[in-house]
Amino acid sequence: MNFDFADQAPKLMMLLWGLVAFAVVVGGLLVLLDAVPAFFARRREAQLVAASVSGAPLPRRTKPREGLFALFFLLPTVLLLLIGLVVPAIRTTLLSFMDSSSQNWVGLDNYRWMFAEDAIVRVLLNTLVWVTLVPLVATAMGLLYAVLVDKARLESLAKSLIFMPMAISFVGASIIWRFVYAYRGEDQEQIGLLNQIVVSLGGEPRQWLLDSPLNTLLLIVIMVWIQAGFAMVVLSAAIKAIPSDIIEAARLDGVNPWQMFRQITLPSIRPALIVVVVTISIATLKVFDIVRTATNGNYDTSVIANEMYNQAFRYGENGQGSALAVFLFVLVVPIVIFQIRNLRQQRREG
Amino acid sequence: MTTTTPPAAIGTQATEQRSTRAARVSRRLNSRIATLVAIVIAIVWTIPTFGLFVSSLRPEAEIKTTGWWNFFGNPEFTLENYQDVLFGQSSSSGQLASYFINSLVITLPSVLFPLAFASLAAYALAWMNFRGRDWVYISIFALQIVPLQMALVPLLSFFSRGVSLGGVTLLPAWNLDGAQNFAQVWFAHTCFALPFAVFLLHNFISQLPKDLMEAARVDGATHPRIFRTIVLPLVAPALAAFGIFQFLWVWNDLLVALIFAGGSDVTAPLTVRLAELAGTRGNEWQRLTAGAFVSIVVPLLVFLSLQRYFVRGLLAGSVKG
Amino acid sequence: MAFHARPRQALAIAGAIGLALAATACGTGSNDKGGSSNAGSAECAPYEKYQGHDGKKVSIYSSIREIEADRLDQSWKQFEECTGIDINHEGSGEFEAQLPVRADGGNAPDIAFIPQPGLLQRFAERGQIKAASAETKAMAEENYPADWLKYSTVGGTFYGAPLGSNVKSFVWYSPKMFQEKGWTVPTTWDEMIKLSDTIADSGVKPWCAGIESQDATGWPATDWIEDVLLRTQGPEVYDQWTTHEIPFNDSRIAEAVDRAGTILKNEKYVNGGFGGVRSIATTAFQEAGVPITQGKCALHRQASFYANQWPSGTRVAEDGDVFAFYFPAIDPAKGKPVLGGGEFVVAFSDRPEVQAVQTYLASGEHANSRAKIGDWVSANKKLDLANVANPIDKLSVEILQDEKSVFRFDGSDLMPAAVGAGTFWKGMVDWINGKDTATVLQGIEGSWK
């Protein structure tokens, strides 16, 4: 049982190798990109000199090959994404047209199943509720808090409190909240905070997670609890970045805090706001640990990602699981379109 | 002129004074309400975790029969839960310290690689001109939605079978053993982190002042040089921001670790161990509570120590050019 | 856990327990090293037939963890030392979801202990697991009842022998409480209902139950249905039901569900110590029987492995704090049905050393070696009852080895996972939560393709 440090040596060696590999790959890439153009530049200079000496016509100036450069900058990312995400995405799409053993083509059967089964339709609806409420509420809470504690005393402590849930895994967070929602019979002492509050106000304890649709909202609270920290941190940084002269000018104009917020703060932090909403929306679409840990999708609380995991991993229904995953891809399309419009706008302004 | 204006001037001055006083009063009132609201939110946000923390210090039977708030009326204190979680009861599953080191070995490269690759890519997508760059960016962005779970099998197959096309082996299997398996975990985490990393960093890098870039280009700086000497220092704090998020994600990950690192103490991270500890006997609140706190300590320390840097970072990033 | 009444001492004792744990762990560690590595010695005689694989490695993946995993490691220590085969066992709580991923990803373990014949069948149909060798098959046929072997036979091919087993047809009770109140252990269903009424009249809710089990929530209720169905309709109908020869919402199934409902959905009977009927859905199965020790509940139907779930300090014995009686028969004409479960040793590789391990795990040597370490039940006929110390394990082995017993495997583990680990579990949760039998069964039937 004694802790043997020698056992750890291979791991630390491996870490060292990893860090060396990191230095070689990243450093090497940068040096390469620096050295090679310099080499060509020197050669071209030499050519120019030679040409001017011999009186031959000057070689045509080659265009800066930005495309080639960009390729090298993008190479590691694109390669890794191809292997790690693009191939799996294509595979998933193909599997969604095949049966559970991934051996026979079944056409659109899996998609038909998705919309025919009442339980699955319910799952799709729940996901819509999640993806509407979570980004909205989490961002609003984060923004409100960021504005409230801005320049307040003990600001960093106050922020740490809200950020803390971010540091807890989804599973851990769900456990914490299951503890809050815990139920004991009327004749017993409550161990869950929520029921204790209800009881002390003279109510009867409830089994919070059993009653639909309230239970979905209670699960959403968990996600909001986690993501508000993310929203708060990013938005708070954006608020601090608003140039102080603008704020001073506005203050001299005698605007009230609400006008200040509407006319100065909100427009200034728009880019950060978009990052937050988009990130939380995508995280919400993909969330499955919360539902899995808190209710396991029972009592009409399941969402697409959870159902996908069940179908593909627990039930061995690869086709149906994949179809649900593809539906997730489809749900993100509006966000992608929004992002394209954003990018265009940004390019125009820039 | 001077004879006619004074009354009016005095009048406006007076109203101005009155309005500023009113404004000051209302501002003070507002700030009081603001403080109150902030405190309420902070309490609501903290209480669940606090309750868990108190519970982790209570004996098993107490946790299961009475609410944690009873602790204050009737403090019964034990470190047994931590004892259980830290040292376990199984000789074959190894020491927690070993899993702790695994977590570190997994996390460091898994944060560094995506950070470097994504910032390179984000720079190219923001400041280099080539055909189709917006589409590349949008595609990378959209890849965020690919569920991790669906990527596990193909990626595992990539490691254990290699890549072959029509019977020709393009890439051999990795055939890793023991601690070498960390490489798989790094690879997987890097892949999965890139879309969000590129999205976040692109947001900051693309908002750097255009004049700055053009000036550097005019001076004859190459892209690698601009990237190193101008972009990196300016967005370094934004890198810290992504670093924190990626750190939290990798540190708390269970799924990727289970598949690519396995469950033994040679490579498995802390989360795998804690999940096993908590899971073997189901609703063992006492172990869950202590376990949750053991795993939360490091991310919290990282956040607290990097917080200042982090906030400065996002600040630098959102300056619009 | 008897010391939390004295808070000041708790801390010191907690520390002492930690030390004691460390000490015992060290103890087993040093004992392990004491074994002989001489393959020719007398202790190695039983392993003669597995020789010839010195230095080979075999990886095993299972859902067995912690102390149970340590005990397994210990059980094949001698085998490893005598044959030179290095067995590397990894247990995971995510076993069922991880195994298919590893197999599909080309990274399957050499051997897996699969507790669900339904999952085993899936691997067999996809050609991912290897047929058992002739030696393994012969060993299995010699040591296990045919009732068991059919669960690891798919399309006429035999894939592996069972390993551990458990008996699910048990009702836990407190012998102490029964003696104090003058209650007697029922031997028929009617007696059990009568007893329940007596207990209910005394002001205690007689039954406690809990079906919450994280992502497996619902399974304890499926065991109830299976046990009742086996008793009302007998093994033939049960087999037709698990193989979907009769629809899931057949009237005979509905009748069994309703009969289980006369206990599980009866507010007068449940849920002792937790609340009303609906609290069954959210009560963890591990905690569900605990009120018996507090006198808040008298009866809890759960498998033999529930012996490990009692709070520490609870004595499990026929005259102790808790014990279990056989879940009584309903129709004496249907014999003595036993519902149970267990895991099967299947191989993803046909390397000779893997087959050697597979054969060894089916042998009487391993069954007895494992049983001696404690807390274990197996249907292995070579298992010597003298090696089984724990009274509930002894009772289980007796039931399994009883010629009159008609053994049937847990039905939900036999069905396709989408039903057996999906809609059936979820359906039971809905049923407890208030949905009527017909709707629930119809829903499950609809999901079975």
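The chains carry the letters A, B and C, assigned in the order they are written, with residues numbered from 1 in each.
One rule holds in what follows: contacts are C-beta pairs under 8 Å (C-beta built on N, C-alpha and C of every residue); 3 or more make two chains touch, one makes a residue touch a chain.
Predicted model only: the values in this text are computed from it and were never measured.
Asks: Farthest from chain A in C-alpha centre terms, which chain would that be?
Replies: C
Asks: Which interface, named by its two chains, has the most contact pairs?
Replies: A-B
Asks: How far is the middle of chain B from the middle of chain C, if each middle is the mean of its Cα atoms, in Å?
Replies: 41
Asks: With centres defined as the mean C-alpha position, give me the chain A-chain B separation in Å.
Replies: 10
Asks: For chain B, give me the residues that contact two or more of the other chains.
Replies: Where chain B meets two or more other chains at a single residue, that happens at 64, 91, 153-155, 275.
Asks: For chain A, which residues are shared contacts with two or more other chains?
Replies: 1, 188, 309, 313
Asks: Could you say which residues in chain C touch two or more other chains, in rising order?
Replies: Chain C, residues with two or more chain partners: 22, 25, 29, 101, 214.
Asks: So in the complex, the part of chain C that touches chain B is made up of which residues?
Replies: Going through chain C, the ones touching chain B are 1, 4, 7, 10-11, 14-15, 17-18, 21-22, 25, 28-29, 65-67, 69-70, 73, 88, 90-94, 98, 101-102, 104-107, 212-214, 284-287, 308-309, 311.
Asks: Which of the residues in chain A come into contact with chain B in the complex?
Replies: Answer in residue numbers: 1, 3, 7-8, 10-15, 18-19, 21-22, 25-26, 29-30, 33-34, 37-38, 66-67, 69-71, 73-74, 76-78, 80-81, 83-89, 91-92, 141, 144-145, 147-149, 152, 156, 158-172, 175-177, 179-180, 188-193, 196, 225, 228, 230, 233-234, 236-238, 240-241, 254, 256-257, 269, 271-272, 275, 278-279, 282, 285-286, 288, 305, 308-309, 312-313, 321-322, 325, 328-329, 331-332, 336, 339-340, 343, 346-347, 350.
Asks: In the complex of these two chains, what residues of chain C are touching chain A?
Replies: So the residues of chain C touching chain A come out as 22, 25-26, 29, 96-97, 100-101, 119, 122, 125-126, 214-218, 271, 273-276, 278-279, 281-282, 416-418, 421-422, 426, 429-430, 433, 443, 446-447.
Asks: If you look only at chain B, which of its residues touch chain C in the complex?
Replies: Result: residues 59-62, 64, 75-80, 83, 87-93, 152-157, 159-161, 258-259, 262-264, 275-277, 279-284 of chain B touch chain C.
Asks: Okay, in this complex, where on chain A does chain C touch?
Replies: 1, 101, 117, 119, 183-186, 188, 207, 209-210, 292-293, 296-299, 309-311, 313-317
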